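For reference, chains read A, B, C and D in written order, and residue numbers begin at 1 within each chain.
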């Protein structure tokens, strides 16, 4: 191979606009001009790296092979002449801290401690990405505050010497009553990314449900998970597959195939994201970056509210058309006997009932960590709504929930009220900054808290829990009295 | 014209008291002695500039021609000798900031950001004027807090690819479900003042309802608005006319004629201001100014509570007699077919019902941005009162509301509960500090938030919204149980 | 008179203990040994000044002639030799501030401003005395917070040109619907003390009810009040007499005689103070003073809880036996036709009913400004209790109330719910630091606020107010459901 | 005795690991290797002092003779050569403060003041130990906040000259309606430790219930208590015995025998501690100590959730099997006529009823000062639960309660609602930092507050108190509506 094949850095630098945009990744030049508007992360970030080496930003945000597979071959322009480009920065996944500033993991005695510790070591952009929520963060605050509105009612004088924390989810009996929720982009905080989490789940015998946007490819995750299971001699843990239905059906089918081929046991379809929520910390951070790079356009043209049918969708590359009629073909692609199908993102009792009517195996109550619709209810509140308005659903299908679960007591509360199990996302992302040890620490802390709480409450098995162990009065006072609004408000006919 | 016609500055300076008060505006001398007690802004400010050049304070606070038209010709004393007065300061509409302190508009990702950004650049007196509220700011706080007491109930698994944000108000279908509320004195923050707002409304296809006290004359506003509409080729937007009924009927008739002659489409009569509220930040600021100018009188005579019938009204120059019997002559002056009549400032369900009985086309729920009666309810609370006690009013007439609307979610909540549309005042005043771009930014942000929220809630058209999409339980618990107090409290007969 | 009659300072200095305690006041030596345990302010403060000149502390805390009248003649030991004692400090009633730190009264636009301004100029001990409350200040906080739990319901489209703020209390029509509450020791903040207040009441045509512990004698107050009334040509205002029933009946009879002889129009008997509340700021301040003066005894003997019948009462020199059976002889001493009798300090609906049954002319709801029993209800809450459980009392007798009234809106709220009038204590004490001008400023501010609020609410006379003008739902949710506890809780029989 | 018998310090220093661990206490060497896992305070602290002189940490944490009695004789290795070990630090029970920083006890006018004063003088480890609570401190916060949700309803016009504060508990009439709650390790703050408290109780004529873990042996406590009673000539006070049922029955029987032999009058069995709560301040403090001593292990092996039956219990050395069937043998060991049996740690109405059914003499409502199960209800809330759901229990057995009692008003509230008496733990531990005087100060403050509150409420004897003296509406709104959950939620069958 002669040097004449190498592309000169100065040539690359010329292609830095919407008209022609080249980037260098791992020593190769790619023409992403036509891909600009298809990039899930937006065109802006691509334009920012137009004409430059983008390896440092590309690496922690994508599974290996993303660009090679995603971009047509004729847009692979060939290797860059390394002598003509600035040495790409190594991907920076943690802040540049001297060792003394790092809080020892042993000092973290609960999940909040781990979050605070992580804040000090992960990069600012990762921090902003993980912690951000929609609009005024009220859905986020609902998640956090509603747990506090439920109190416990401990029973005493019971033999609690032996405690069994096992719980059956989707037909399998796991070692603990929680699983690890989908959260994207773990390689922003640790170079092993989602692998740390998969290994932790395998060790602890609980399910892990990686995101569609896992920064470790799903096949690699499955292999890592299996290896650890073999190593510890316990195959209790399973992987589930979180699915963002894509705009294009073929892409969705491809994702389902990946899940099936790699032995993922359940298909967890996210239904709360027809558009990506307005996460303002993220937006503000990007606006500041743009200013710093000299790009400070406010309004390129006078804004017009959308009225045309075929305009580009606002934010995000998921399907905005996903509806109940799509379930049959998704189920068919997944296969009748592959495993259960779960809907993630149910936020009101009516949709819980609809899901049941459509025969899904389980529902997953969630407001997406407060990242989608602001002012959405917490999942524990939605669970109480189901109890009040559709009590017959309880026990008929599995009910999962997430949203600022931080304590063993939170988990006990959810189970008392009829949840099959809960899941946690952000705490595991923060813990991943400490690698495998961080992940195990989260599991250990929760396990110890569940065990302590069970004993303090006088129960020895999770199936002894029922509503008599909690006082939900404060939260119940905030539920609607009735769901039949049309009957309630006879004259209501909004005029348009 | 000989120099002997010019008035010497020393001569002007002699007239600086209640007995004789001259001011210089734009190079001309005016005798305002007899006008002192008629000045809507109070006599104190005139006396403060007595004997001096008042151009810098006059300019941003008045439409052009105010003094020429308002003062009898024989009080126009003629041009001042420019060599004998201090060069008038240029009107200062923004604070003297170095450029780095100015927050780029692109960094503002919501309306609160714009308010914070504006605080840094507009003059202190303007800031105090716009943000102030009555007494302890509790009505203001009600407005802000009550939105938070309503939560959303998002629906999932619906095709939300196409979203229609259009809304019909007063018979016209606009592009977005909000309009721009009346707020006076925009030239305090930008030299184009209300024109920026009118142009923004024209571009976005929404209504704008400038104040009686617009610092751009209403005819000029109408021309600017029409020009922009022509420029963008969209005549959806319309101007409405906010009317403060004046003490003197002829003045009121003159204002109505202005509205009619300049094509304003609706007459929005403010009914909540028989006296101007006690805005203490404003009062405190004026007291400090007075001290700084050596005038520190506390009590010129021992205060006696008002008992006489003909004493001067407390604060403000609006009618304190406006009542339901005035509606016929106002309607007649406006003309039967000129356009709809709206009452702005309804604060309880009973008055909503009375307004309907008196045949107005629409009511506008408002506590005047918390600037009038402290402890008044928020408009969303009044809307819930109407739902509870007069549900038959819903759908019979348009219902608008304002009061700390800052989010697309706020707008969706109001519409769910039966509001036709909402409006916003202060955010547009703050945005005007950034000129036309600021105004468009506010519209764009709200539009994107509405669109995102609609998709996240599973609706594609605003007429799909109904009370089942919100949980208002917290707010409902704070409503009166009953409006029939006399029946409720049998023994109540206050004795005097 | 020879010098040999003068007592030498060194002789005085020897008498500084419980065994023998002399003090110098205004140049005379007094033997207060036997008076130590009778001193209403406690023996500690006397001992602190034992053997010294006490003029500076005596003067602002006592009416003139207190010691001359109160101490037997044989304890008046004669004049001190002025050359042998340190020049007595002048009584310090305000802090030693340079003028610039003093906030101009004109900058105070509400009563809170006046409090803050007063804090900067009155002595620390006076500040602590006036602002302090019992225990954890929760009764104080109830007073402050409960006003905020009532919101207004303004009505619009009403002719409010003329506003009448007069109100009849105890049969007399005053100019404004409030009176000035008893509060002791005004000379701590101004040398004219209560006289400033009496003159202000006379000017404004409202009642003033000075404390038993007025630091201006009641006869002098009556003369000052009459003089001002004559001066302004308005005799609307009247003085009422606040009575602390004393331990000894003769002292009580003497006080009632003083009231009657000096033309006080009503007798306001305080019923909430059988013991003085635990005002901890005061106690802490005194403990710090004691330490500073070298006296730091914690426990002179091991504390034993009181069990004997004849032990000294805990704190305070009022009657601890006052009960319903005392009313007849008090009424007789006051005289059947002298004027009405009012009970001050009613804190629950049951006692309001008892007071009515005992034929008092009016009740005065109060928790003593939060200075007596902590966790006591606010008076507005007690008024709501009366409305709920004894509605037939309303209109049958006058009902007054006090407790953190700071706003015209507070007054309007109380009147809507059936109060005859309200009163204010602390604000007038703070204002007195600014003398007569301060007192008038408070009256003017309240008057303007009442007037503004009336207009904004659509009423022109206070007798138009009724419960439909307020929303009390939040406060009503906090009332007991029922007063019949015994019936409610069948098994309740506390065992002892 | 020749020097050859002395053990050399270098020899001791070799034994500093799990394999062999020696410590020096008061000049003697002990081999604690086999005791490591039996140490109630955990093995870590022993290992930390392995090979060293541990006197300074041992002394304030253990009753005298603990190690001599607890360790087999063959593990007493003999005296250390004092010249070969570092002089042991004197036990440090208070922080090293200069005198000026110490707040005089006379400045403390309430129990909060004493806590703040103690914080400044006791060692950090003691402070952390006493103030810490479980998890997020919400049970702790419930205790503190719920008192504030009850308000008082004072009655007036009653003769309150004589006040009787005596109260009968467990058949004995004490001088005040409270007793001193068990709290371990008083020698952490004062060298006389629990003796100060026992003497205070004896002087004041109230009961004291020392902890199983008293750092003064129970026999010595009994002697000290009796001596003081004799000295003051009042034998009203009694000692009660708090019992932690141990893992091994013989140890429990030994404790009961100690109680019986030393004349303890009641047996108070703690039932809320089958596992020790997660007190994170404590854990964090220990983690920091570990780091400082170079031991920073996070996970010695990968954590596995407990599933085996015979694993070591999580935290603490109390019985985790204690249940209703254990009561008979405990009662038998205690003796039928020795005295009453009390269950401490009842947290819900159902267990109160069960306790009654099992014939205990009294229940003691407590959430262990918020140190066990987070989100547990306050005891005043549990008392209200009993009133609502099992009112027939009231008056049938004594009901005690504790939990952030800090005020006379708190005590009055509890008694109004049916509590026999209350108790306080932490305040007495903080006061013990000031020795006997501190303890008496707490009793005096509470006594004066009770007395003042009684007079202010119009009662002269505690048996006059009933629910009509309190408004509990706010707290009642937060109680469950019903305890029959299974009936309420027909479909509830959690699936596992």
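Worth a mention:
What we mean here is this: contacts are C-beta pairs under 8 Å (C-beta built on N, C-alpha and C of every residue); 3 or more make two chains touch, one makes a residue touch a chain.
Quantities reported herein were computed from a predicted structural model and do not represent experimental measurements.
Among the remaining chains, C is positioned farthest from chain A, on the basis of C-alpha centroids. Under half of the residue numbers found at the chain B and chain C interface occur in both copies, marking it as a different-residue contact.
Note: Cα superposition of chain C onto chain D, rotation of 90 degrees, nearest 5. Chain D has its Cα centroid 45 Å from the Cα centroid of chain A. With centres set at the average Cα position, the gap from chain B to chain D is 63 Å. Counting partner chains per residue, chain A has residues 477 touching two or more of them. Taken together, the touching pairs link the chains into one ring where each has two partners.
Here the touching chains pair up as A-B, A-D, B-C, C-D. Residues 104-107, 109-110, 113, 148, 150-168, 175-176, 203-205, 232, 387, 391-395, 398, 407, 409, 413, 415, 418, 420, 437, 440-441, 443-444, 447-449, 451-453, 455-458, 462-463, 465-468, 471-474, 477 of chain D are the ones that touch chain C when the two sit in their complex.
Interface residues of chain B, counted against chain C in their complex, comprise 135-136, 138, 142, 271-272, 274-275, 277-278, 280, 283-284, 287-288, 290-291, 296-299, 302-307, 309, 313-315, 320-324, 343, 345-348, 350-351, 354, 367, 372-377, 477-481, 483, 485-486, 488-496.
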